[in-house]
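Note that chain A is present in both complexes that follow, paired respectively with chain B and with chain C.
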Partner chain A sequence: MFANFRLAMAWLHTWFGLVLGFVLMVVFFFGALSVFDREIDRWGIPASRFEPQPMPSFDKVLKPVFESMQPTQESIDRMRPRVDGPMPERYDTVRRWGAYTTHRDPVLGVFAGYEVPNAKDPDEAIFASRTIDPRTGAALPDDRLKIGSRFFYPLHYSLNFHWLDLGYWIVGLAALVMLAALVSGVVMHRKIFREFFTFRPRKSTQRSALDLHNLTGVVALPFHFFFAFTGLVIFAGLYFPVTHTQLHPLHELHEQHEEQETGLPQDRAGVPAPLASVDAMVAEAQRRWASRGMAGEVGFLALQHVGDANGYVSIYRAGTDRIALTGEGIHFKASTGEVLHEDPPPTAVASVAEFLTGLHLQHFRHWLLRWLYVLGGLAGCVCIATGLVFFVEKRKRQHAKQGSSGARVADAMAVTTVTGMLVATLGMLIANRLLPENLPNRGDWEQYCFWGAWLLAMAHAFWRTAPVAEGRLAPAWREQCWAVAAMAVAAVLLNWLTTGDHLLRTLAAGYWPVAGVDLFMLVSAALAAYAARRLGRRVRGAADARAMVAEAARA
Partner chain B sequence: MSTRVLDPSRQHIVLRVAAALLGGYAFAWGFIALGTSALFAAGMPFHDAEFLSSMLGILAYLAVFLWVFAVPGLRRAGAVLVGAGAAMAGLASLLQHTLV
Partner chain C sequence: MPDALMLLAAVAASVAGMGWLALAMDVHWEQVRGDAPRRPACVACLRALGALALAASLALCLAVDHPSMAALVWVMALAAGALAVAMTLAWRPHWLAVLVMRAPGRVGA
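So, the complex of A and B:
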């Protein structure tokens, strides 16, 4: 198909980059925001603006919470088609109770999984979840959406498009294409080292866009490769469910071996049994960690087969000071509190796995590294956005001559995914502050506002890119930059008006989750206003040049 | 839009993209299946074998994906990928049969 390898790679880079660049933009941007997902949660749920808490007492706080939980009507309805016969009134056979927390969580998320009688897949469980104030056990309202960790974060890896898991597959394809674009990009450009230092902002838009594309691509090349690759590795089980399909028998065999080795039962015994003090087990686990010279807090607490003689309690250490999310698991017999098994030190392969996934998901405490992640993610956004701009700039004059609308459509899509995405994000944060406090399904309304704002931005982008068809710059870019600047300032002001938490107060109190989100939005507003002014100057410059040419022609 | 028949070059592009994506997927699946079962048979812990094969399988997918765009013969490339993927998956099932 192509004369040589370099041309093949250039074709691949251009066309796959264009088609999946729009998806990659979303993945990179919301990935960058997800680094501070819990901080965005605090901004969006003022009732949760307090200091992070350790895992609370199980016996006093968590047990009554777990015992009062039941799946929501929604998850029962979702489960219904996968069950033969009617759904039960109550779910009492608990397969698993779990609670996970990090050094950044003031509120605690807990979940419970229950056996479903007559489920078509007997291994499938139905889940219930709740968010509580760990100081009291009081539940947060169910319809309070955690914008950071439950909307922006899943948007990063699933586009929040769950039909047939299609969102995951699109993001997976985009990650593969990102890797291919990085390799093909390196092949296309021989002078990789020189591109490290080349940026000519005063040349034509086409030239400086390409410079910036190469610069941000090359400077952060290891970052981009690492994140696209580890993202695929994290979801490898979803993309290649080999051990749950073709090699399922082998998986079963392994689980039987594991049960024999660890003494942790896979199934219930069917004999009821009481629950010993879990707090005592936590104390014992912490004593054992301390004796290994790695005293720490509990990150993940899970109870398996609750109420059964085969029940056991697994306690994992929070990975606050290491790359692994959680580790050093110690497992106790639920009815007696005796230690059944201690996880052995990880094997070499398991250490690599912990390193790769832990470094992507970064739940450890290292604020400088977190900010580098954000910068890396935003560098990725700049790389993709300038790639799209370069695509348009290179073709728009030729397309204008041929009367083709290709460049215009590509530019409208670029506006939609670059500035339009910011409009949608800020629109959601503004809605979060403006919607009535007791509005039913408030979280759903916030999501409608997000998608609605994005649709409006898209309509505006298609309308105001008309000049591209004549080979000129689209006003949509400048206008949406002004919208972003105004909306970001509005969001900060609304936070002040509705909660009283203005920057002077949050900064004085050192409450960085909210101060940080506000400051980030103000910096974004300044950058957007600067970009809008520069774009305005460029349009006026081009108009003056055309007027001068016309003048000269008349003279 | 007219229901114009794809011209040969466009049709060729569609076929090549399909070969890269689907052929590459079949190859990676076979690679992961064979890697998992072979490493497990060789004594590696199950989840280690699964993780290592998946990680290398993803890199293999990237390599063959790029390769499909670089080779001249499209039909041969597609046949090689699907054939090798099926052969590796078959071997994996065979290994599993002897183990379970």
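So, the complex of A and C:
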């Protein structure tokens, strides 16, 4: 079919890259934003603009919160088809209470899982969750969307497309194709070392785009490879759901073995029991960590089988200073507070798994590495975007001659996914500041604004790429660059007008979550305006050249 | 030395190292130094210098963080260094002349 291996690789790289490049662009861009998901949450929810807090006292703050929680009507309705018979009014048999925090969280997310009587799968639980102010235990409004951690972040790995979990599968396929694209890209690239530092911005658009594509692909190759790979590792359980299908009996057996080894009961005893002071257990866990030379804060706190004689409390150390998310778990008997089990140091395999997931999820404290990840993610975006531009540049003249609209459609899609995505993101942030404070389901409206802005950008992209069909540059790029610049400045101004937190104040107070988001948007605005001006100059240059040719022809 | 400064030094070492490796290549040497002659020994010397700087960058990363984290910081710092050098070569190549102890004058000026 192909004359040689390199041509086969080129075909694979071109066509799979084109089709899944649009998905990968979304994955890379929102992945880069997710590095600062919690900071974006602070920007979007002004009531949560205070310093990160440690895990609060369980006995004083968390216990009353957990006791007042119940699943929402929505999750009860979702559970209904998987239950034989009617659903109960209240859920009182608690399977698990949990709270997870990191060094960047001012507010605390807590969850509770309850047993569902007559559930078709008796292992399935129904969940309730809440976000609280850990200083007081007061609940934050449920319909206030955490734009960073509940919208941009899931968009990164599921496209927020949950029907049949299809979003996860599309992203998984894209990650797999990305790995193939990296390998085939390296095979195609003849001068990987000779042109390692090469970017020639003054050459033709096609050449410059290819230079930039190679440069951003090659220098960040380890990043691209590791993030595509670890992303697949994180969702391996979803892509290969063997533990609860083919290997179900083995899984059950393993649970029994684990119970025997650790003394942590899998099931309730059915005998009610009181709960001892969890704060005392936390103090004991911290004392034990300190004695191992690993003093630290609590990252994850979980209570299993609450109110039962088999109940136990698991306390995990926050992985602030290492790659793994949490670790050094210590488990206590809930009714007495005696230590049941201390997790042994992880095995080699477990350490590798923790490292791979941890390096991708990055809950550690390392601001330089965080920014380097953003750089890696944006380098990936540049790599994909220039790949798309190269695809169009290479074909547009030929397509113009043949009267084919292939290049035009590809260019319109490229505009939609590159600048259109920025328009959608900024549209959402602007909506976040403009929508009335007490609008019911405010978070849903923010999401409609996001998708609406993206649709508008797409319509504009298809409308304003007509010149590509004649082999010229699409004005859509330049116009959307101007839109991005204007919208980014507008978002910063709206943040000032609606919250009073202007840059001078946030910078003076050293409040980086909001100052950082504002500064990032201003820098983006400057870059977008610069790009728009350069594109304008290029269009005028081309028009002048054509006019001179026409003039010469007439003379 | 505080951690932040050590990390800054690690990134600087990575940029310098990548810069020296680039200067060991004929195309980039011409971009930076124009017709200024360069002996073959100089190429080897630039390469060695580049490798040393990158190794120094790794050492600095290891001095600050747990090895698992230091490895990630170093790999990403290399990418940042290479990008910085490539962009400098594209827009302001003569700036890299400071790496060979020359004032960053315009080539041919």
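Everything that follows uses one rule, which is that the second predicted complex is superposed on the first by the 555 of 555 C-alpha atoms of A that agree within 3 Å, B and C clash if a C-alpha of one lies under 4 Å from a C-alpha of the other, contacts with A are read in each partner's own complex, and residues count from 1 in each chain.
Methods note: contacts are C-beta pairs under 8 Å (C-beta built on N, C-alpha and C of every residue); 3 or more make two chains touch, one makes a residue touch a chain.
A quick note: this is a predicted structure, and the numbers were derived from the prediction, not measured.
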Side-by-side fit of chain B and chain C on chain A, or clash: fit
Partner chain in contact with A:A529 - chain B first, chain C second, else both or neither: neither
Which superposed partner A:A309 touches (first chain B, second chain C, both, neither): neither
Which superposed partner A:G376 touches (first chain B, second chain C, both, neither): second
After the two structures are overlaid on chain A, angle v-u-w for chain B, chain A, chain C in degrees (C-alpha centres, nearest 10): 90
Residue contacts on chain A - larger count, chain B or chain C: B
Partner chain(s) touched by A:F5 [first = chain B, second = chain C, both, neither]: first
First (chain B), second (chain C), both or neither touched by A:A350: first
Which superposed partner A:L176 touches (first chain B, second chain C, both, neither): first
Chain B versus chain C as contact partner of A:P222, first or second or both or neither: second
Gap in Å between nearest CA atoms once chain C and chain B share a frame through chain A: 18
On chain A, the residue positions that both chain B and chain C contact, one per complex: none
Complex contacts: residues of chain A adjacent to chain B: 1-2, 5, 8-9, 11-12, 173, 176, 179-180, 183-184, 229, 232-233, 236-237, 240, 242-243, 246-247, 249-254, 257-258, 347, 349-350, 352-353, 356
Partner chain A, residues of chain C touching it in the complex: 7, 11, 18, 22, 25, 27-28, 65-66, 68-69, 72-73, 75-80, 82-83, 85-87, 89-91
In the complex, chain B residues that touch chain A: 12-13, 16, 21, 28-29, 32-33, 36-37, 40, 44-48, 50-52, 54-55, 57-59, 61-62, 65-66, 69-70, 72, 74, 89, 92-93, 96, 99-100
Residues on chain A engaged by chain C in the complex (per definition of touch): 194, 196-201, 215-216, 219-220, 222-223, 321-323, 355, 359, 364, 366, 368-369, 372-373, 375-376, 379
